[in-house]
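In the two complexes that follow, chain A is the common piece, with chain B as its partner first and chain C second.
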Partner chain A sequence: MHGPPPSRALRPPRTWPVAVTGGALLALVALASVGFGIIAVPWSTVAGDLLAAVGLGGAASDDHIVIVNLRLPRALGASCVGGALGTAGCMLQALLRNPLASPTVIGTAQGAMFGAVLAIALGLSRAGTLATSFTMSVGAVTLVLGMARTRRALPVESVVVTGMAVALMFMALARLLLAVTRDEYALGRMTQWLAGGLWHANWDELRMLAPLTVIGVVVACACARSLDLLALGEADAHRLGLRVRRVGTVVLVGSCVLTSLAICIGGMVAFVGLIVPHACRRLVGPTHAVLLPASASLGAMLVVVTDTVARTAVPPQELPLTVVTSLVGVPSFLVILRALRGRRQG
Partner chain B sequence: MNGTPDGIERAGAENIDGSVPSSTGQATFGRGARLQPQQGCREVRSPMSSAHLRVRLDVEDVGFAYGSSRILDGVSASLTEGRLLGLVGPNGAGKSTLLRCLHGALRPRRGRVLLDGADVATLSPRELARRIAVVPQASSPAFAVRVDHFVGMGRFAHERFFGGPTPHDLQIVDRALDDLGLSSLRHRPVDELSGGEFRRVLIAQALTQEATVVLFDEPIQQLDLLHQLEVMEFARAFSRRPGCAGIVVLHDLGLAARFCDELVLLHGGRVLASGVPEDVLTREHIAHAYGVEAVVERSAATGAIEVVPLRAAPA
Partner chain C sequence: MCPRRRVLCTVALVALACSPACRRALGDERRLGGGPPRRVVALTCNATDIFACLGELDRVVAVEEDCPAPGTEGKVRIRNDDHVGKAKALNVEAILALHPDLVIAKPALREVLGPLGVPVLWPPVRMDMRTMPQFVRQIAATLGVGARGEDVLRAMAAKQERLRRRTAGLPRVRVYYESTGLGRSIGRRSILHEMIELAGGANLGAAADKPGIVLTNEAILAADPEVIVLSPFADPTDEVVARPGWRRSSAVRHGRVHRIPLDRRYVLLATPRCVDGCEEFLLPWLHPELFPAETGR
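Showing the complex of A and B:
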């Protein structure tokens, strides 16, 4: 501390301390959430059951099934949904240089949603659902950027406005599909999917989707430096040596992958991708090396908590997840809008 | 178009005009910059020092158009090491467009730009950023990044994809901040800086690229007198460094004449005149390019020529 510092420039913040801290907090929140429910399980029992489940001794309790096969995958699924949406929102905000961008605002989430619902109507497999969902998500973003781009610029306002229009269109398409579907079983699943929720989370599904989500978040964190440059704008990023078009496309596609993963796991969940990066920018600053892991873990925690609220608020009824997130999200959105307007005037 | 090879040779010959004070103030920045002689680049022999002066940038008959509106039409010029070249001309003459062509942000429709003999169009953005730094007119980061982190982004082209900045990178950032007197502002968010401070931040960022050619795009716009002088002195000192060179786009003809070794006067996308300031900033050229009747006189205080605009020239 007292020696002459060889370099005074502060090292840009590192990814892993934030990732480790965020991960640890998330684990605590997720484990806590497992104890809540119609059957309240003391946390000591939860811990014992989990140890037993991974073969570290201890006897499984009577609630073993509820904890390990129902609530734990739910917590994991919620973490994946939140982590993916937080990260995807962060990527879109950097790429579009717009703190209002998010998967739901620019329509990639609704595209993915329509894709998922379409896959259910067609009776596709899980992988097929993911693929359809991803394709529609990319389709939505291509449509938005294609319509919003003028000859030489990509104006922020027109991206948001076009995005909202495209989002509404895909939502309408999903509802149309709902209206023409005859199959009762498919209809039920589609309706629930539109409302968002993690009631169907199970190990089978997560075994495939959770690792993909983790990979997506890690890859995004590896691109953090490029996102820093993208947020400076196309001209600046290019003059500093970034292949803007190529990296921008990778980031866009990456955010679509994460969004469609989130949709395939938890259905429609609004506002997480918008609020979480914004809050994290206040917490840890705008450098993506820390902003991305912070957004991923805070997003995950937020969805775990909202999902816990959704399944315990009015038992035995379960609230749709997106209802809960929107009730938190809409006021936050308005607060952000006000703050932005204040900054522009001041 | 207008006799390309001849144009280049002419510019080259004027580079070595003896009236230019050679390597006076040494820049305090860019110490880490190294230069290897590149193959295929021209050299001109200076009568003053008999040293070989390499041509760093060669602009060969460059043409550019946005759609059907032609912006540049057969521009040729060259930049020799140790020189600061001023790009002047009225609004819409194509100065900024030419600058963008020079660092690969725009691809010329016609002609080519050679950096040390290599066509700029064939170099990757990363390669270019290590060799040409640009100080833009403005920059608006979407989020309020801190000064030292913003300046540190200049190291992007030197960093490996994984791992981020090394202690070496941080030292370079530190030095750039020191050289521009920004050390006390390092923790401030960039959106809280004054115009003069932010300009210095942009210059510091360009310096961390360790490029030996720096392009300044209207660097003194909206700056007060003191900051104008500081930035111009900085630009000149940088160009004096061995192997380095600079180009500066300017509207102030007096400062251009005083600080630049040579000028290129653009008008309607063409080079109207180029060479030492005395030859470029003549009454006739100014009347033709700007439509302004002016008096050109030598200032007793600076020894440089000054342009005093009088009135709109009769059509």
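Showing the complex of A and C:
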């Protein structure tokens, strides 16, 4: 026998309307980004080239290389980086019940970065780079949690401080590798990688990494209910029937995979994983069914916009992407800290 | 069709085919298969200086932002990670906006520039006295001035031989080269190391099998350099000689601390002009006994 349908206010929010709206907005922002650049290309030409690229239009224009081989992979790469970091940050904040958790704060991003640089030094393939990056990312988070955990709890401050120490250690290891590498070709590629940004985004890379990122975000969205329970605390989640340890491991591994993918595509991009989940919490509320797709979409949009600014603001030079995102991120970070302090005092 | 009309039609067709609009419509044929390049973006300082050596700098429209080669003033400067450790992003679209028909970039950029449909020339991963002549020949051949390239290389080889003869049998002078700060020196994979050897010196950082090395203060003082050569970007000379313990070194005691002039820093590049740098600066600094008239002044 069925009871009365739940009232509109009590009905749990659904993922797909937010995902569809976020996806549509992201597509618009990415298209706008493809239209902007140092080389002035009419919008009709941009549209024609994009249609020709997917086999729907006529002949491509003279500018198709700029549109299809240069700006489109950048926009797609930026979407993947932002989407992956936004989702990973959201997952880590729920898992650690720590509003300051993010891939760069707890050291997973730096671990992944060191892994990528190590893979270049060893001359590994793209898949090898991703695997090494992921392994180091997991290594970093394991180290942080192992060092920060006390007998009964995982104190917020302890995780952040240990994370920062581990992050510094992995950055130092990356620099050490740079100092001892003798292969000058590898050295050049490592330097490029450490510069970060999406200026070296290309289709060869994205053909492998973009689908993996989409799969990662979708899998994360499928864990939304578990993340809601985890956010209540380990004891409550266990009481409500959640296998806390298993789910925790899945979430942690998922966040590390997403972080590694972001690092492999665009290098280190600061603050996205930290500020985007907070902004989305204000926009759509704390339920992960909507928070995760919103974080993925907003993160993607943020990186697409900041990358467009980075490549067009001071031509013919290019601003480092992480500088632009930090200029947005630092004020937001300070607002978050202030809000947290206010909440504690209240 | 009468012969006169046929000739007129042919002339009209040729004029149309030569028009810029038509060439654009025909794609990159002009750039890929046409004559020598006329709009070159040289993202390595060495390549730009080789253009200068060949007297073909007019063809270069953009250079690396730190390029010291004279004659590049006013050219577009594009940031690149040409120097290890700089780690800066490259604006690829800015390169395409210049409509280059040739880009010269280091091999690490192969994945970035490869898919853009612009012809790219890759210099050797390591530029030294052995690989540099081949790169000069490659650029000269691409520009269609192969004979001039050979002339430049012959002149360079003659100067090298002259230097070797002059320094043969002379004692090797211990040289400390400082690039940007205390201890920042060169290993044996640097062109400067080869320049010092050519001028009859012994580089203090020769043990390092890489381009750069950071020597400790103590190691420098223990080696007691007889000559200190400072790059234009090193600390001021009076600060260098005033460093604790440095006044006791042979170089400072005998007033043999020298600095490469800022406006001549292109002699430090791995190009045929590095031998000029050896003759003009390093040889008189390392072996003043070969220049008695100047020493006596």
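Going forward, the second predicted complex is superposed on the first by the 335 of 346 C-alpha atoms of A that agree within 3 Å, B and C clash if a C-alpha of one lies under 4 Å from a C-alpha of the other, contacts with A are read in each partner's own complex, and residues count from 1 in each chain.
One rule holds in what follows: a residue touches a chain if its C-beta (ideal position, glycine included) is under 8 Å from a C-beta of that chain, and two chains touch if they have at least 3 such contacts.
Just so we're clear, the structure is a prediction, and the values are computed from it rather than from any experiment.
*Asks:* Do chain B and chain C fit side by side on chain A after the overlay, or clash?
*Replies:* These partners fit in the superposed model.
*Asks:* So if I put the vertex at the Cα centre of chain A, how wide is the angle out to the Cα centres of chain B and chain C? Nearest 10 degrees is fine.
*Replies:* About 150 degrees between chain B and chain C, seen from chain A.
*Asks:* With both complexes overlaid on chain A, does A:Leu145 touch chain B (first), chain C (second), both or neither?
*Replies:* In the superposed model, A:Leu145 contacts neither chain B nor chain C.
*Asks:* Give one of first, second, both or neither to describe whether A:Val253 is in contact with chain B, with chain C, with both, or with none.
*Replies:* Neither partner.
*Asks:* Pick one for A:Ala94: touches chain B only (first), chain C only (second), both, or neither.
*Replies:* After superposition on chain A, A:Ala94 lies in contact with chain B alone.
*Asks:* According to the stated criteria, A:Met169 is in contact with first (chain B), second (chain C), both, or neither; which is it?
*Replies:* neither
*Asks:* Report for A:Leu229: first if it touches chain B alone, second if chain C alone, otherwise both or neither.
*Replies:* Once the two structures are laid over each other on A, A:Leu229 reaches chain B alone.
*Asks:* Would you check which partner chain A:Val161 touches, where first means chain B only, second means chain C only, and both and neither mean what they say?
*Replies:* Neither partner.
*Asks:* After the superposition on A, what does A:Pro316 contact: first (chain B), second (chain C), both or neither?
*Replies:* After superposing on A, A:Pro316 lies in contact with chain C but is clear of chain B.
*Asks:* Using the touch definition from the top, say if A:Leu51 reaches chain B (first), chain C (second), both or neither.
*Replies:* In the superposed model, A:Leu51 contacts neither chain B nor chain C.
*Asks:* Quick check on the superposed model: minimum Cα to Cα separation from chain B to chain C, whole Å please.
*Replies:* Minimum C-alpha separation, chain B to chain C, in the superposed model is 38 Å.
*Asks:* Kindly list the residues of chain A that each of chain B and chain C touches, one partner per complex.
*Replies:* None.
*Asks:* Which chain A residues qualify as touching chain C in the complex?
*Replies:* 37-39, 62, 65-66, 69-71, 178, 182, 184-185, 187-189, 191-192, 194-197, 199-200, 202-205, 310-311, 315-321
*Asks:* Give every residue of chain B touching chain A within the complex, in rising order.
*Replies:* 66-67, 103-105, 124-130, 133-134, 136, 139-146, 148-149, 152-154, 156-157, 159, 161-162, 164-165, 167, 170-171, 173-174, 177, 183, 186-187, 205, 209
*Asks:* Considering only the defined contacts, which chain C positions touch chain A in the complex?
*Replies:* Residue list for chain C touching chain A: 24, 27, 62, 65, 76-79, 81, 84-97, 106-109, 111-112, 115-117, 125-126, 189, 209-211.
*Asks:* For a test of understanding, state which residues of chain A touch chain B in their complex under the given definition.
*Replies:* Against chain B, chain A makes touches at 6-12, 14, 93-94, 97-99, 151-152, 222, 225, 228-229, 231-233, 235-236, 238-244, 281, 285-287, 289.
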